[in-house]
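In what follows, chain A forms one complex with chain B and a second complex with chain C.
Coming up: the complex of A and B.
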């Protein structure tokens, strides 16, 4: 037996959550040819078919692009630390965290969350991330197709992978979905919303394996100084789109908004692809050119992170290659390494 | 790890009052700070060699070594060169102003492991602050350490920091202080050596059995020092440095300070040459 929900039932569930004050995000057509995960104003904004995956990721639900860490007041030479200025800020330890629901996430997005849990919790605990994460329910829609840049199967995932999801939806082909609840959060969300059925949903078989991550790891570990990086990354323009649209890239900066913005300190997304990321005050920059920055991205994802936390820092979503103006990204580089 | 409250905002700084300001050189100042919260002042402790993330409110945060001794319970000090946004703002702070502090972070010097050894400190330019804390600590625990040699140089006489303390250290028994400036950086009344730190150190003919060496300075200085230490029979495991990869969070999250498999803010900034030689040249 299985549990199913109709598409209208799913949209009704979204409408109910929005009405209850939950911040609901899901794939939306923001303009022709551009689908992004975004906060849904209405259940009709939710796009459920006709695209491979959104061009951004759900990490922004737990790790926003810009997040207030605390505010402060400057009076003469006295400083007073304050809570944040924005309404949804988490700077006050006791502030309620807004409930969030992500609908129709892709498995390669959901899987990124448990991978990110490591970095935000080893040693020091990042409660901004943890509190948003605890308040978020992820409902994943198994993929019914894959694009040319998808490579989840090369990094241990697949179109029906459950990792990081609270519930999974599988298309039944008749406008309804099979619902498989994985966690208590998922069960609570769908409680009383589904019907019993004998239909079983299916997912796409996924892309063929495109490279072996072990080969990539061995190569980056042994080819720190290597012409390969210039040959394959000289065209990189350093825009950082790869990192910003990546579900697992998590580098950040800490900056002051300054008096004109009301005095608060924020963390903002950052990227190892930017020249200033590693520039020392002396002017020395250990990663002086774009090839060394590309090397760092591959090194971090396939060697540093797995060595430290036991997992590859990549879910094979393909966004970094899909969105790169130069067609670089992990898929291109890793396949060159494996097939080179 | 200083994270007693499980829900604590790990990015929120402590507030510290500026107790005194000293201009060290035309572009270097040092600040002495005390915690405004008396409870924090009582509970705070650190190890020499650790660093803090200091903030100028309205401008941002920057990373500096704590350059005071961990035995000084009433204050912490740091010393900075004016190079950019935050340091320009810190430059303008005066007594009784308030700055932010997060820390202490990083590993610090293994002062216990160094016990029983002669100590050699080699520093260039703004590298004096992270050496200074270890020198004071060793002098305050004098019986624990052998002969102490300090070779400190800067581009010019005007660029030397903590000059009065160099004189003070030299008065201690079994302490030798060698000062130098780069050729051309001397003044007519300069009484110290002329030359680069590695050469001056070689000329100083330090006779030491199995010393621990702390060398901090620009990469070229460190590079030219290593062969000399090698000739003296000092192994890379006994040579320490403190590296300055750009940092933001200081707590192993923001990804900025990676060198190969390690996060310098957590596993550094103090590394032995042996450890450093195993890392990719990403620092």
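Coming up: the complex of A and C.
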């Protein structure tokens, strides 16, 4: 027996959540040829088919591109601090955090969340990330196709992978979806919304394996200084698009904004591909050019993070290659390492 | 975080709306004119805050915008009359930039009725009194500037511009590919050049060995403008380059040479005749055959006449009311992630340290917020005014699909209309920015 929901039932569920004040995000056709995850104003904005995957990622929901950590207001001799997330008094831990729902995430996006959990809870518990994460439910739509830059199967995932999802949707081909709830959050969301059926949903078989991550790891571990990096990174322009559209890249910068910018300390995304990322106050820069910056990105994904947390810092979504204006990204570099 | 928190104070209970005006004035004329108004006891509304700068030529344009951000309802820029500049020609340079800057602000949907330019000399205390009185009254009528960066109804996609049907893409290898490989092989083999910057299977290819020439491709996916690599240190270090250019990319070489950024004699330019690579810009392109290349490969017919020309997005944008235009941009910029890919791919963005990366103190708000995004795009577009060659790389690279080219088009048009200048077309033409003419237009200066 399986549980199913019609597409109109799914859109109704989205409409109900929006009406209840939940921030609902999902794939949206932003303009011709561009699909992005975005906050949905109406259930009709939700795009469910006809594309491989959005060009950005769902990390935005738990790790926004700009996040206020705290605000301050100066009143006479007093300085009042406010919580950046809830706008409430800094000491009020019970202030409600806005509920979020991500619909029709891709498996390679959902799988990034447990990977980010490690980062934001390793030596320091990042309460901003954790509070948003706890308030977020992720409903993943298994892929019905894959693109030329997808390589989930090379890093241990596949178009029906459940990792990081609270519930999974599988297309039935007749405009409805099989629903498989994975966590309590998922069950609560679909409770009473599905019908019993004997139909079983389907997913794409996924791309063939494109490289072996162990080979990549062995190579980066042994070739810190190697002409490979300067040869390969010559075309990198250091734009950071790879990191900013990646579901697992998580580096950030912290900025203090004065009165004209709203009196706040906030964080914004940062990227290891930027010269400023490693610039010292003295003017020295230990990573002096794109070759060492490209090496860093691959090293972090295939060796540093795996050594610490036992898995690869990449879900094979292909966004870094798909969006790189110069066609680089993990897929290009890793295949070059593996196949020469 | 409220982006316009300081604006709340402009409403006082008893008097109703009192406009705040910021005046950027030069030290030598207008500041003394304002001083004279004071010493001769001329009365004028107290709504103006004066910021004194050495010369109108030194007024950074982000300051005008910043004035609005911190709560001004109108901004005045004023300096010495033409011919009176303490530094000889600062105000002539300023005038030229104001002409371009107003077009940019107009395109972004700023309310131009709130931006005033004037010349006031040290002897014109009366004129200062009159200008401030009139401006205050006019701004009072306009009311507080609440449209600044307002995104209207953010979810409404009806504001998006018409884009026409998508052009079907059919991958084509072009006939000159073989000749290109052969030519590059020779250049590397006989040592004419040390490095070839060309197109490869997955993107740009940078080759240093003759035997790799077979990796080069020439097809209708060769979209990017490779001249951007000429500025990169890692590539300069390799020695004399050959670069593969399309007729549109070639224009950037003309500008870069004019700006002393490259030594044309030390670059071998391989021009590819081109019938279009399927980009929007190709439908309007009239170049087709390179004009300044050291060698030209392939043949291209002249531009095909378009039975069904794509909708003119720029005209559609300018047909909107200013507030609607601002909402359009606010909505587009809302997707910006501040990756700066638009800058990194641009062949004309070659500053060693971009103003956006200056952080001691911060010059451009680094946040991907409405304020930070407008500040960045104003800086980017204006620094490219009358320099951008329209290659479209910025729009192509933007992961957020922001129509950045529209801003460049606005400034390109302004340079054409006001100065008859087309960046990258005529190597002998004098650049617009950095020069001036006594007869530059002044009809907008009070």
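To be clear about the criterion, the second predicted complex is superposed on the first by the 318 of 340 C-alpha atoms of A that agree within 3 Å, B and C clash if a C-alpha of one lies under 4 Å from a C-alpha of the other, contacts with A are read in each partner's own complex, and residues count from 1 in each chain.
By definition in this document, a residue touches a chain if its C-beta (ideal position, glycine included) is under 8 Å from a C-beta of that chain, and two chains touch if they have at least 3 such contacts.
Remember, predicted model here, so these are calculated numbers, not experimental data.
In the superposition on chain A, A:55 contacts chain C only, with no contact to chain B. When the shared chain is aligned, chain B comes close enough to touch A:252, but chain C does not. Legend: residue contacts after superposition of the two complexes on their common chain; A:119 is shown touching chain B, with no touch to chain C.
With both structures placed on the common chain, the touch criterion links A:268 to chain C but leaves chain B unconnected. When both complexes are overlaid on chain A, the residue A:289 reaches chain C alone and has no touch with chain B.
Contacts of A:127 after superposition on the shared chain: chain B is touched, whereas chain C is not. In the superposed model, A:65 lies in contact with chain C only, and not with chain B. Once chain A of one complex is fitted onto chain A of the other, the partner contacts of A:339 are absent, as it touches neither chain B nor chain C. 253, 255, 259, 263 are the residues of chain A that lie in the contact sets of both chain B and chain C, per the superposition on chain A.
Residues of chain A touching chain B in their complex: 69-70, 72, 74, 77-79, 81, 91, 93, 119-120, 122-128, 224-225, 250-256, 258-259, 263, 265, 267, 270, 272, 277-282, 284, 286-287, 292, 296, 299-300, 303-304, 307-308.
Note for the complex: chain B touches chain A at residues 1, 3, 5-13, 15, 55, 57-61, 81, 83-84, 87, 94, 96-98, 100, 218-219, 244-246, 248-249, 251-256, 258-261, 266, 280-283.
Only residues 30-34, 36, 38, 41-42, 45, 55-56, 65-66, 68, 71, 230, 233-235, 237-241, 243-245, 253, 255, 257, 259-264, 266, 268-269, 271, 274-276, 289-291, 323-328, 332 of chain A touch chain C when the two sit together in their complex. Remark: chain C residues 1-3, 5-6, 66, 69-70, 154-155, 160, 163, 166, 202-206, 224, 228-229, 232-235, 335, 337-341, 343-345, 357, 359, 362, 365-369, 371, 393, 396-397, 399-401 touch chain A in the complex.
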